[in-house]
Structure formats: structure tokens, C-alpha cells
Amino acid sequence: MIKRKLVIIGGGSAGMAAAIKAYELGEKDILIIEKNAYLGGILNQCIHNGFGLHEFKEELTGPEFMSRFSDKVKELGIDYRLESNVLSISGNKVVTYTNKEEGLVEVQAEAVILTAGCYERNAGAIQIPGDRPSGVYTAGQAQLYVNCYGYLVGKRVFILGSGDIGLIMARRMTLEGAKVLGVAELMPYSAGLNRNIVQCLKDYDIPLYLSHTVKQVIGDSHLEKVVIAKVDEKMQFIPGTEMEFDCDCLLLSVGLLPNVDLFNKLPLHFSKTRGAKVTQAMESEIPGIFSAGNVLHVHDLVDYVVEEAREAAEGAVAYLRGELKREGHVYDVNPGVGINYVVPQKLYIDDVKESCSFKFRVTKPMKDINIVISEGENVIKKIFKPAIVPSEMEIVRLKKELFKKEGSEIKVFVEERK
Amino acid sequence: MKELICITCPRGCHLQVDDNLNVTGNMCPRGAMYAKAELTHPVRMVTSSVNVISEIESRLPVKTKEPIPKELIFKVMEEIKKVSVKAPIEIGDIVIKDVLGTGVDIVATKNISR
Amino acid sequence: MFDVIVVGAGIVGSLIARKLSSYQLSVAVIEKEPDVGNVVTMANSAIVHSGYDPVPGTLKAKLNVLGNKMMDKVCEELDVEMERIGSLTVALYDSQLPLLEELAKRSKENGVEVKILSAEETLKLEPHINENVKGSLLAPSAGIINPFTFAVHAMENAVDNGVKLFLSEKVVSIKKEGEVFSIITESGNFYQSKVIINAAGIYSDEIHKMVEPIDYTLTPRKGEYFILDHYSDDLVKHTIFPLPSEKGKGILVTPSIGGTYLIGPSAEAMPSKDDVSTDKPTLDEIRRQALDMVPSIPFNQVIRTFAGSRPTPSTHDFIIGFAKKDNHFINLSGIESPGLVSSPAIAEYVVNEYLSKIINLKANPSYNPYVKKRPAFSKMSVKERQEFIKKNPDYGQIICNCEKVSLGEILFEMNTSVPPKTIKAIKKRTRAGFGKCQGGFCQPLVLKLISEKFGIPLNKVLFQKEGSFVVPYKLEGGKK
């Protein structure tokens, strides 16, 4: 069995950023294990721009952003394996992976960071009624086919879900000569960034049907029609609102789910995000096993994925040096009114060097509110937000000194202003 | 009074522009620039992919180095479709120089070694 | 000119073809789908029924029990995953307890070993069953099977032993001149034989009508299902049945080969044979009934819903026999549940009771009942796997991450005599695409493999049926 200090599972943005940070902190015995034939993960197919505004103060396309990191990984000489799949992680950190050249390999790691990203929610998971013809894809599949294979999956397209991937694909398919007939969104508000509504839908006169979803898929061997209808507040179809579209392609952009399979056999608990519950150091309930990026909770900006991966790397290096004690005063971090989830779920304040960050999303669009962070009965931070939406993750950084070590609960909640 | 959403960065500020092209609602100066341009001569970045002759890749992603006039988007796509490139390619390599006389180059956004 | 033509390559047609290949006969199988086992065989509960349920004395009862006994040997020869996990038929109300007694009596008549369990014993075996359960019937000989590889490997074995398989050939007319049947297919091809065996599943009545008027009807009965991901092996360990009603065996909750859970089916008579669509009201009803039996089913783990249609005969029993007008046309109709478990016994029955009466059957000396064995990866130890991959590096590369299917397994299947040429065909044989991402990541990889291996341009590779191109339009690329 080979030994490594730090094994990083997944060589996308999170994995590469974590590896680089760990290396820069002095921990050089690293192994990145990546399933694709290249480092970079999903950014490889995200050829649109909008990446790197925080990280590089430039607006880059996905491939450009990813190559900044993969070039650095190679420059630093960090060890990695491509076309390699991790089959299991044991509770005592034996990582078993497989590839063509080495066969089955068992690695005894001292610390593991899972940065395996996420997968797309699909037609089966949302139980779309009707037939099951070809012509139904997730937006990401269609994106890979168009951008990396050079094939268009349809010429008359309907899109379900107004998340960014769906909006980006609406534009991409249109530019390549398809007709996008419309985008249906279950909620009464869009799930994607405003800028994408403008530059992907409005620019091309593609209608957005809010509070609508697909009622039926029709097609024998290949997709022929899609029927959408309006839903009420209880998500029930409103009779008489059906609209039929003749199309040969249905793209689904209905959510991303963390790829946490490798954690399922471990005695871990998971949060509402479906990622593992973690401490402020991104450490799971098993000491030495960390998690960051989309596999922990789905992000909207890769810049924040990279920040979080660096926090996990700091945590892993601290752990390897015996500095992550998980002793002393500990808080449960919980979402309160108006907040969907908070990461992390546990705060060991004595392990914090200078500051720690809380990431959260609200449950619905709100205007003119305060985000409040309380320690027991006391408010330790209040932030005014003129407008806030669920599709934008918020990050609040708090200095260590703000915590008084009173009470056992930190709560993040929304407060109406008058 | 016109209402716009700024597309310069992911923030997507809600902008208001009056008849004298005075802009409010922007969180940074680029928003004001965007709003003025949007109402007079709107521009957009275009990202797409071209055919590439390579041992490892089928397509090369490209982008306009700067935004081009919005009304030329589909014409630019036509020009992009005419092109094929040969590996090796580096990020920033010019794939089409001065597309449609706009002064804007189409450049590669990915490194392909062979 | 063939001695026998079998119409239909579902599980029944495939096992009959295999049985025929053990004799010195020239045999052809004609199938309208582009793959084996693509209709009824592909969309059912995949249960190896014990046989307590069919009415004693019927063909269903006899062939179910016989087929169940044959399963171990057939699955070993055909390298098919089958596990005898046992079934529990639960009584949720006191008023249902006498029904359990009746079923026990019926089992005895059918020669099936069962045991009545008390509420306590039931909950001890299956703690997740509704705590109000009053008792249950345990049938230890029941099991679950992989229906896809069952049909594919059976046909593969038949072809390896000399049977000719013609896929994507839909029979449109059958004529008899003298002693010879002439079959014409939709694509204009022409086949001749002395004997026809009709195993055309849900369309067997249409095929039968091409030869004579028929005195029964087949009602397409649609069953919808949920599949739950293999999130834990803790929900149920047996197949859980409700008490049967006149509609059938009812909605079951069962582990499935591959570790997932299957919930369903419904049973609604449909006007169309081809309707295998799902609909929300039916799915909601299945959900409700399933939760009655096992209240903790995590429906948020659903990865897929699907439906299949079964041919329900107006005679309420399997219809197997010579056509009235012509004893060289052997007809099989209405092979609904328990068709899957009965299928090996059906093949024997057709040959022993019918074919042998019209043809002199001579054993084929080179008949080999064993199909090429697939490497049993999941059963190997780490060391054994390491050794195996060293010799066969393709097994070290994973294509489907959710189900951990390797390149080696896919390439193996592509080199068999009934090779998979569509995305769905690969899925049926290897489980690639069966998992929680439903092919999100592996479909593009499998697409490339099919294109490379069979020389099919990417935009012509099919998803499942004719015309179901996965990536139909190639983007232009210029000169320069």
C-alpha cells in the first residue's frame, strides 16, 4: 500500500485550488485523483465568460480560468493521476482508486479532501410524466456535446429550468442555429443571474414562462412534443393553462446535486445541501476527512469554490500538523428564519486563527432586510441587504474576537426592517 | 426613464437611465458605461467553438477579445463557422483577425498541445 | 429456408431459441426491435415468483413452479444474476388473515413451500414494514433476477450454438404454400420455414391472426414503476407483496439486482399496446399504496420512473398450443406474470409437448449450454482484482462512475454474438447509465465507444429505437 500525506479526490477547480494552497503552505506530499483525461473538471466545457472576476479581477472563460490553475499545478510539480476513479474511501483514510496503467491502487492517506463536484438532477429524478424517448438531455450533457464534441443535440429546443446552465445553453444552442422555443421555470422567479436573463433570453427573444413546468413528454422513438402548464402556490397544475410545443429536444436545468457517493458508506451525517456536515475548517465528522466546493454545497461562482477549497486545504494542513484540536468551546451553527442552510454546521472557535466564514442562502427573494448572526441570545453581526435572492450564495466573514464563547448555538437568520 | 439590468458582472445591478443618459442604481462605474452603451450602441461578447485538427480535442473554444456590436452577433458566428484550426494552440492565439472589420480579434481560450 | 422460425426475441423467444439450438435444426429468430428483450421483458418487476399465487391446475401454476426450480441451473449456465431473497405477502388488516390461509392452501396444491408468520415474526424479518401488519406469508423460493442479461445471454447462447438472429425486422404477413410458411417483414425481407413458433409478446395476437381467426383477446395492461437509488441496504431484504386482488399481484416493494429498489407496478388496461408512458395520478397512487406497506420508503431517492405493458389474456391463463388450423404454427400468447420465472419451463414445454410431436428431434452433439462467463468483479478480493486488471488493463478504466462499470466490461459485451450497438443496449448489459446520474456523465463516453467499435458516425448512433439519434447534428467546420 502506498502512503500519501494528502489525497485530493477530484481535480476540478476545487481540487486544484486546494492542492496549490496546501503546497504553498509547505505540504508537498499530495496526490490528486481525477476521473477525466484532463485537470479542470466541469470548467472545460463552460466556454462562456463570467469566471474569475473576484479571483483574477478579469472576466475569463471557463477553460481560461481552469488553465491558470492546471498550469500552476504542473509548474509546482504536484502529483496527479488522470482517467482514474476512486472506488472507496475507508474510515481510516485508505483511498482505493483504479486506472488502466496502475490497475487497482490502495493509498493510505493521512488527510483526504473530497472535491468531487456535483451531477445534474435528471428527468428520472423529477419523474417527468409521459414517454421516455431520446431527445431529453440535461443542460450539461448538451453543453459537452456542443462545446467539446461539436454536435448539436436538437434544432427545436425547449428548456426546463431557468438556472444559469439552462440560460447559457439557450444562448449557445441559438448561436449554433437551433430555435429555442422557450424556458419554463417552476418558481415565480428565475433561478439564474439577472445578467443571463438579459444576455441569454432577452437578447434572442426567448420567452420565459415563470410558474410553469413540464406536464408531459410526448414522443415514440424520439422527442416530438412537450406540454407545459402553469402551477399554483401549492405546485399543482392549473387546469386549462396547458401549452404544447413541437420540439425535438428538451434540456433540463433543474438543479445540481453533490457527488457524495464516496461518503455514503462512512458514518457521516449530511446536511440539507446533501453535502457532508463540516466544521469551520471544512472537516467532516471524521477527523482528517475534508470536503469543499460543489460536493459540499452547490456554488454559483467558481471564485467562491476556490476560496472554500483553500479553506479546506488550510484545514487539512493544520490537521496534518496537529493544530486542528476540535477541543474547547464548540458551537452548533443553524439556519433560522428565512435561511435555507448554513455552511459550516459546527464551529470550534479555538481552532480559528483569525476569522471564519459562514455561507448561506435565503429561502426566497427578499427586499430590505437584515441578515443577523447571533451567538446564543446576543447579536454579533447585522448586515443590511437591500435585495437578496436564493440563487446567490452569501458569504459573511467574522473575526475571531467577535465570538464571546457564550451559549452553544450560532444562528443565522433574516430580520425584517420595521 | 428606462430600466435595465447590467450584464457587466454577475451582480446584475438594476439600473435606471433617464432621457439625458444619467445612470443610477449602479454599484460601480462600469455599470454607468454599460447603460449608456446599451441604449446607444449595444455590444456583446461572443463565445463559441471552432473545429480543430488535433489528436486529443475535437473543438477549440474561442471568444471575441472585446465586445462587438450586438447586431453583428450572428454574422460573427458565420465567420467563426468558416474556420478550422490546427494544433498546437495557445490561449490568446488569434483565430480570426479583425472580424468583420470591427477591430476585434477572435482568440483561442484553451491550450491544445497536439 | 429454416426448419423453425421463432417470432419474437423476448425472454420466451430467446429461451425457446436456445432450447432449439440443442437439436439439429436450422433456426431463425425474427425480432422487430433493434435489440433482444426490448419490450415486455425489459419493463417488469424482475421477480422469480415462487408460484403460490396462480390458480392450481392452470398452466401458469405448473410452469411457474417448474420454472422456479430450473432457475439455479439456467442462471448458472447463462451467467445471470439471480438471488433467492424470498418474498413476504403481508396482511395489513385482521380481515385479510383468512386470505393468507387461503394462499397457504393454494401454495400446498401448487407444491410450493411457504410459511405463515405472525406480526412479530414479520417485523423481526423486516423491521421497516408497517408496524400494524397482522401477519405474512413467507415464500423462501422467491427471488429477483436481472431480466436484461437473462434474455440477452439466452439469445447469445442460442446464436453461439447456430441460431440466426434478425433484429429490426417487423413481421407484416405470413403465408402458407404447401408445407412452407413465408414471412414478409416491413423492410421487404423474405423468410421461409416449416414451423413457426409465435413468441411475439404483446403483439402475439396480431401474429396469430395472420394465420387464423383467434378466439381470445390480449389486453395491454400497463404497469408503472419507481426506481430508488442504492443509498443503503437497509430498507427491505425480501420482496414485499400486498395480498393479491383480481387486478393482479399488486404493488410490490423489492430490492433489485444492482442494489436499487423497485416499487410498483400499477395495472391499468390500456387501449394501445404501445403506451408505456407514466402519469402523475398513477404514480401518486403507487406511492400511496407502497407507503401503506413500508411507511419509511424515501421517495426523495427516486432516480427514475418507467412503465411496461403486459399482455393479459382473456382466458386468464397462458395460451400455448398448436394453431387450430395448422399444427406447424405453435402459438404462445398472453405470457404475462409469471412469464419471466416460467420462461425456462415454457421452452421445455413447447418442445416436449408440441414441437417433438411434429418434428423428429435429434440432439446437437456440439451444443454448449454455457455462455461466455463475464468476470465476476464484485466477488473478487482486492488482490484478485489487482491481478486481473494487470492482465486486462481495460478493466482498470471506469466508464460509468455511478455504477462503477469498467471499459473492459463494455468491450467484452461488444465482442459477443448479440453485441450492443445502442446506448440502451449497453445499459441493459452492463448497467452503465442505470445509476443516479442516469447516464449524465457516461452517455457521451459510451457514445464514442459505440461509434469507434462499430464504425457508426457519432450522429448516427441510436439511443434505443430507430430514429433515436443521440447527437443528430454535426457542427460545421471550415477550411483554413
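Per-chain numbering from 1; labels A, B and C assigned in written order.
Operating definition for what follows: contacts are C-beta pairs under 8 Å (C-beta built on N, C-alpha and C of every residue); 3 or more make two chains touch, one makes a residue touch a chain.
What you are looking at is a predicted structure, and each value in this text was computed from that prediction instead of being measured.
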Requested in this report: Using the touch rule from the top, point out the two chains with the most contacting C-beta pairs.
Outcome: A-C
Report summary line: By Cα-centroid distance to the whole-protein Cα centroid, the innermost chain is A
Requested in this report: Find the geometric centre of each of chain B and chain C from their Cα atoms only, then give the gap between the two centres in Å, rounded to an integer.
Outcome: 53
Query raised in the report: What is the distance in Å between the mean C-alpha positions of chain A and chain B?
Result: 26
Report summary line: Chain-centre distance (mean CA atoms) for chain A and chain C, in whole Å, is 38
Report task. Quick one: which residues in chain B touch 2 or more of the other chains? Result -> 49, 51, 59
Requested in this report: Provide the list of chain C residues touching at least two other chains, using ranges where the numbers run on.
Outcome: 475, 477
Query raised in the report: Which residues belonging to chain A are in contact with no fewer than two other chains?
Result: 146, 149-150, 176
Query raised in the report: Which positions of chain B touch chain A when the two form their complex?
Result: 4-10, 12, 14, 44-49, 51, 56-59, 61, 63, 70, 73-74, 77, 91, 109-111
**Report entry** Contact footprint of chain A on chain C as seen in their complex
**Finding:** 226-227, 231-232, 274, 276-280, 283, 302-306, 382, 385-386, 389-390, 393-394, 396-398, 401-402, 404, 406-407, 436-438, 440-441, 443-444, 458-459, 462-475, 477
**Report entry** chain A residues within the chain C interface of the complex
**Finding:** 35, 83, 85, 87, 96, 98-104, 106, 119-120, 122-125, 127, 129-135, 138, 140-141, 144-146, 149-155, 176, 216, 220-222, 248, 261, 264
Query raised in the report: Considering the complex alone, what residue numbers of chain C touch chain B?
Result: 475-480
Query - chain B residues touching chain C - in the complex, by the definition given at the top - result: 49-51, 59, 81-85
